[in-house]
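Below is one structure, written out as structure tokens, with a few remarks after it.
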Amino acid sequence: MTPDFSNLRLDFPVLDQHVGGHPLVYLDNAATTHKPRAVIDALARFYERDNSNVHRGLHALSMRATDGYEAARERTTKFINASESAEVVFTSGTTASVNLVAQGWGRDTLKPGDVVVCTEMEHHSNMVPWQIVCQQTGATLRYIPVLGENAEGGLDMAAYDELLLAGNVKLVAFTHISNTLGTINPATEICAKAKAAGALTMVDGAQSAGHENVDVQAMGCDFYAFSGHKMAAPTGIGVLYGRRELMDVMSPWQGGGGMISTVEYEGSKWKPSPERFEAGTPNVADAIGLHAAMDYLDSVGRPAIGRHESELAALAYDALSELPGIRILGPGKGQPRAGLVSFAFEGVHAHDVVTFADQDGVALRGGHHCNQPLMRKLGLPSTTRASFYLYNTPADVDALVASMQRILKFFGVE
Amino acid sequence: MTPDFSNLRLDFPVLDQHVGGHPLVYLDNAATTHKPRAVIDALARFYERDNSNVHRGLHALSMRATDGYEAARERTTKFINASESAEVVFTSGTTASVNLVAQGWGRDTLKPGDVVVCTEMEHHSNMVPWQIVCQQTGATLRYIPVLGENAEGGLDMAAYDELLLAGNVKLVAFTHISNTLGTINPATEICAKAKAAGALTMVDGAQSAGHENVDVQAMGCDFYAFSGHKMAAPTGIGVLYGRRELMDVMSPWQGGGGMISTVEYEGSKWKPSPERFEAGTPNVADAIGLHAAMDYLDSVGRPAIGRHESELAALAYDALSELPGIRILGPGKGQPRAGLVSFAFEGVHAHDVVTFADQDGVALRGGHHCNQPLMRKLGLPSTTRASFYLYNTPADVDALVASMQRILKFFGVE
Amino acid sequence: MSDLTDLYQAVILDHNKRPRNRGKLPQATRVASGDNPTCGDNCTVYLQMDGDRIGKIGFDGSGCAISQASASLMTTQLAGKTLSEAQSEFGEFRDIVTTGKEPEEFSEVAAFAGVHAFPARIKCATLSWHAAIEALKKPDSPVEE
Amino acid sequence: MSDLTDLYQAVILDHNKRPRNRGKLPQATRVASGDNPTCGDNCTVYLQMDGDRIGKIGFDGSGCAISQASASLMTTQLAGKTLSEAQSEFGEFRDIVTTGKEPEEFSEVAAFAGVHAFPARIKCATLSWHAAIEALKKPDSPVEE
């Protein structure tokens, strides 16, 4: 009962256009994904029918907006299998979710001698907030190394064991799927080990939430963060999942309307989660758009989406590895790989590759992918990345490979 | 050349509906405003044509998205007359903007003995962040009192002078227009006095930005914050204006992608403003929606909008003050008043009023309006608030007053 | 307007205007408060126990007609009850306000059936009941001024 | 593909493949670096002064074909120039890459006119020039290893 992926493209209006005289082949999905008609319509419908502020309103529109917003929270609770909706906080994105935990939990809790463990393959968004809070509190930040000259070996789990063994680890922050390498990290194992060592876990789900079934309870993580825009939902909305016991005691990261239970001129008391962490008017419309995106993805089926993307990535990997002077990062041939491939050519810089591909209608990303330190370690200033989503097809892989062949020829690499 | 306000309603699809069998009369604009067709279309157009991540992309869509996002920043720069676009940071709303300053500037700067001055009429969003940072740093928070038993006297400017005279004031945080009282504070005077005393100013523009011309340079403020959703733009987008010299030295509030110039495993360096304060993927679509809203508002003319609203508020004030047992907060008859009226009836609770009015199709807000301490001071658990925007008309005021008359009759108040 | 007269039935208007058992009990041995941060309503319930039964009951606080009438009616329903009796009364009341289905035996609380059509107001109706149950669960101890 | 061959003219491809004056100058007395955090390009320019004129000039760094070719060509254009001469050369170059209008007199820098159609690449083309001007403005002092 595999769904038919060949026509999903038709659900996404933006894909119906030409770039450089060629039909658009969008392979920049790890940066952001497109939105199906259903999501765009949900947004418009909200603004056309129910638009209102939430929570404190008793008139018809306000009640509808509140219901819509809280229904989005319930939907999200199911989407990641949280145990209750008080564990689901809406934020503006993964980055905000991580900062909320770093400041709301870390700043109160960490002290000199404490260790936060991160990985060498973290996105800046799950690394810099920990650098900042470690600097603020005197805690130490350590990294689980990646193995192999193209990072094909994934995380060094033996080194991880040693870091835990050394003690004082209070939190392990790691990405579920690397946006630079395509590596799928053993999240359940990492969480179990952290737990055994008495450390909490913060999982960066930016690249996993919309690509496979996520069950935060089965994964055993304490925090899980993701962004709507990377899973067919609008920009400006994201989620922080946090275990209830932690959310109940964490300090709010922002003060303001909606998160207080009493305010006096002298000081204030906070509401419980999730309100405590949602100061100010929430992004109601985009939460409702996120709801529509979750429905859309699950109507296709996330496990099937993940398989489809991995198949495309394997096709791309195999075809690209035939090209002269190419270096492909992350899992080797036949190894499990999420739906993206990062690579570098000897003698042609990623930005030239991307500019060239754009003229062929192929949208790629070139750069450090918000992972400068890993790039430095691998000795690469930048790579070119092709990343897939449910609307991509094997023909898109062909277009990618053909474009790469042309650029190599143009720059005289043979 | 006053624009014709009688037909603007037609630009707002949401207003074309019935509630409780009556045409919707939406008077909850201080909580959130509706969006004109032009804004809803701008959002849809972005998702249908240009959707992409910004800044780090070199392909066609990414360049279009980047251009759109930066054009929104330029438009905002003009909208408030900032001197350059580096002074304009996009946030998720007023609340986030205030927290950014409280934590990014206040936490590094304030120390025991320092004083932050706030007003008794502040919204929780421009009060609680200062309570938090004062508690964190040992600084003291003081309030400029409001005068009169219905707060009709506005801020006690003599008390303000004394607070400044007492010394050590580092920042004055105040709202330009009160969402609870309708008071228009003398922003230029407050800023000038703060400056003379060596204090910075943080202006809460949530209720002013979309209602009158705002010129941050003429006002002389250091920071100015506002929310898109309160001025015909989408939810989830807001602005922080900050003077360049301050922005150049302020710490980032969030770490993550897009705000760093170099990241090493050991630590990171920040980009200049505005990027420094915009970690993570920004809310591109809603920034573009904000741009469309600014164009729409200025095509009508903000000074005319403000006059129109104030006229409606004056009509409402005069008619409501005839009702038995009513107490109206804020500026007295004939005094300058922004486009809203808050009131309380002897013997009928605000929530009953709002529920009742809703059945007449009139959307009002009842509660403490995120200003609990002021309510406590005035001895009111809550008030009912009617707030106007450009699409409201004198007929809406008539509907409001008729509904209030019916409820008083229903509850036997005569 | 049928909806509204459903919501504000005569019983409710009457209890709102002339609340029963309003005020602090000077001899109270148990007390609990609840508030609804969303709208600012608050309610304090005072109990003077007679063994494991409520001897006297009073309430205090401010709120809308629904919450005031519900508190007043609650005091008349719970006087003389044990914790478990009170809990089952509350269960029935909650059924009425959330589903709108009227109780089998006639009771004044049936007046609250109209609340179910106004979900945002359900909390107003149950606030005082929550406080009463919470107070009942506490041990006896002198209540401070 | 006309756009692309406009962008990657033969001159550019040639300078990219065989950069002139590449490498650190051992006797440099002024140095400045620039980087483009957006894409990770970086460039360091070394100057060995001859009075107020550039005696020798070299560059180092990594980046795309546009940035590498532009750095290489820049070194050939600025050798022997004073600060104010260099600034006016940079002004002309900037005009070319932002407007696409070719210079009146023939010059190799005309090859960069195609960049204007790719606004995201303009920074690539000007990075090394910024570094050179910055270095020129500094006082002489021994350059550390």
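The first chain written gets the first letter, and so on, giving A, B, C and D; residue counts start at 1 in each chain.
Throughout what follows, a contact is a pair of C-beta atoms (placed from the backbone, for glycine too) under 8 Å apart; a residue touches a chain by one contact, two chains touch by 3 or more.
Computed from a predicted structure; not experimentally measured.
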Subject >> Between B-C and A-C, the pair joined by more C-beta contacts >> reply: B-C
**OP:** Can you check how far apart chain B and chain D are, centre to centre, with Cα atoms defining each centre and the answer in Å?
**Re:** 47
Subject >> Distance between the centres, which are taken as Cα means, of chain C and chain B, whole angstrom >> reply: 38
**OP:** Take the average of all CA coordinates in chain A, do the same for chain B, and state the distance between these two points in whole angstrom.
**Re:** 31
Original post:
What positions in chain A touch 2 or more of the other chains?
Top reply: 20, 56-58, 260, 262, 351, 355, 366-367, 372
**OP:** Could you check chain D for residues that touch two or more other chains and list them?
**Re:** 38-39, 121
**OP:** Answer with line, ring, star, complete or other to describe the graph linking chains that touch.
**Re:** other
Original post:
Pairwise, which chains touch?
Top reply: A-B, A-C, A-D, B-C, B-D
Subject >> Residues of chain C that touch chain A when the two form their complex >> reply: 35, 37-39, 119-121
Subject >> Residue ranges of chain A in contact with chain C within the complex >> reply: 55-58, 63, 66, 260-262, 271
Original post:
Can you list the chain B residues touching chain C in their complex?
Top reply: 20, 348-352, 355-356, 359, 366-368, 372, 375, 381-382, 410-412
**OP:** Can you check the complex and tell me which residues of chain A touch chain B?
**Re:** 13-14, 17, 19-20, 24, 26, 28, 31-32, 34-35, 39-40, 43-44, 47-53, 56-62, 92-96, 98-99, 102-103, 120, 123-125, 127-129, 131-132, 135, 141, 143, 227, 229, 234-237, 253-260, 262-268, 279-286, 351, 354-355, 357-358, 362-367, 370, 372-373, 376
**OP:** Write out the stretch or stretches of chain D touching chain A in their complex.
**Re:** 1, 3-4, 7-8, 13, 17, 38-42, 62-66, 68, 118, 121, 124
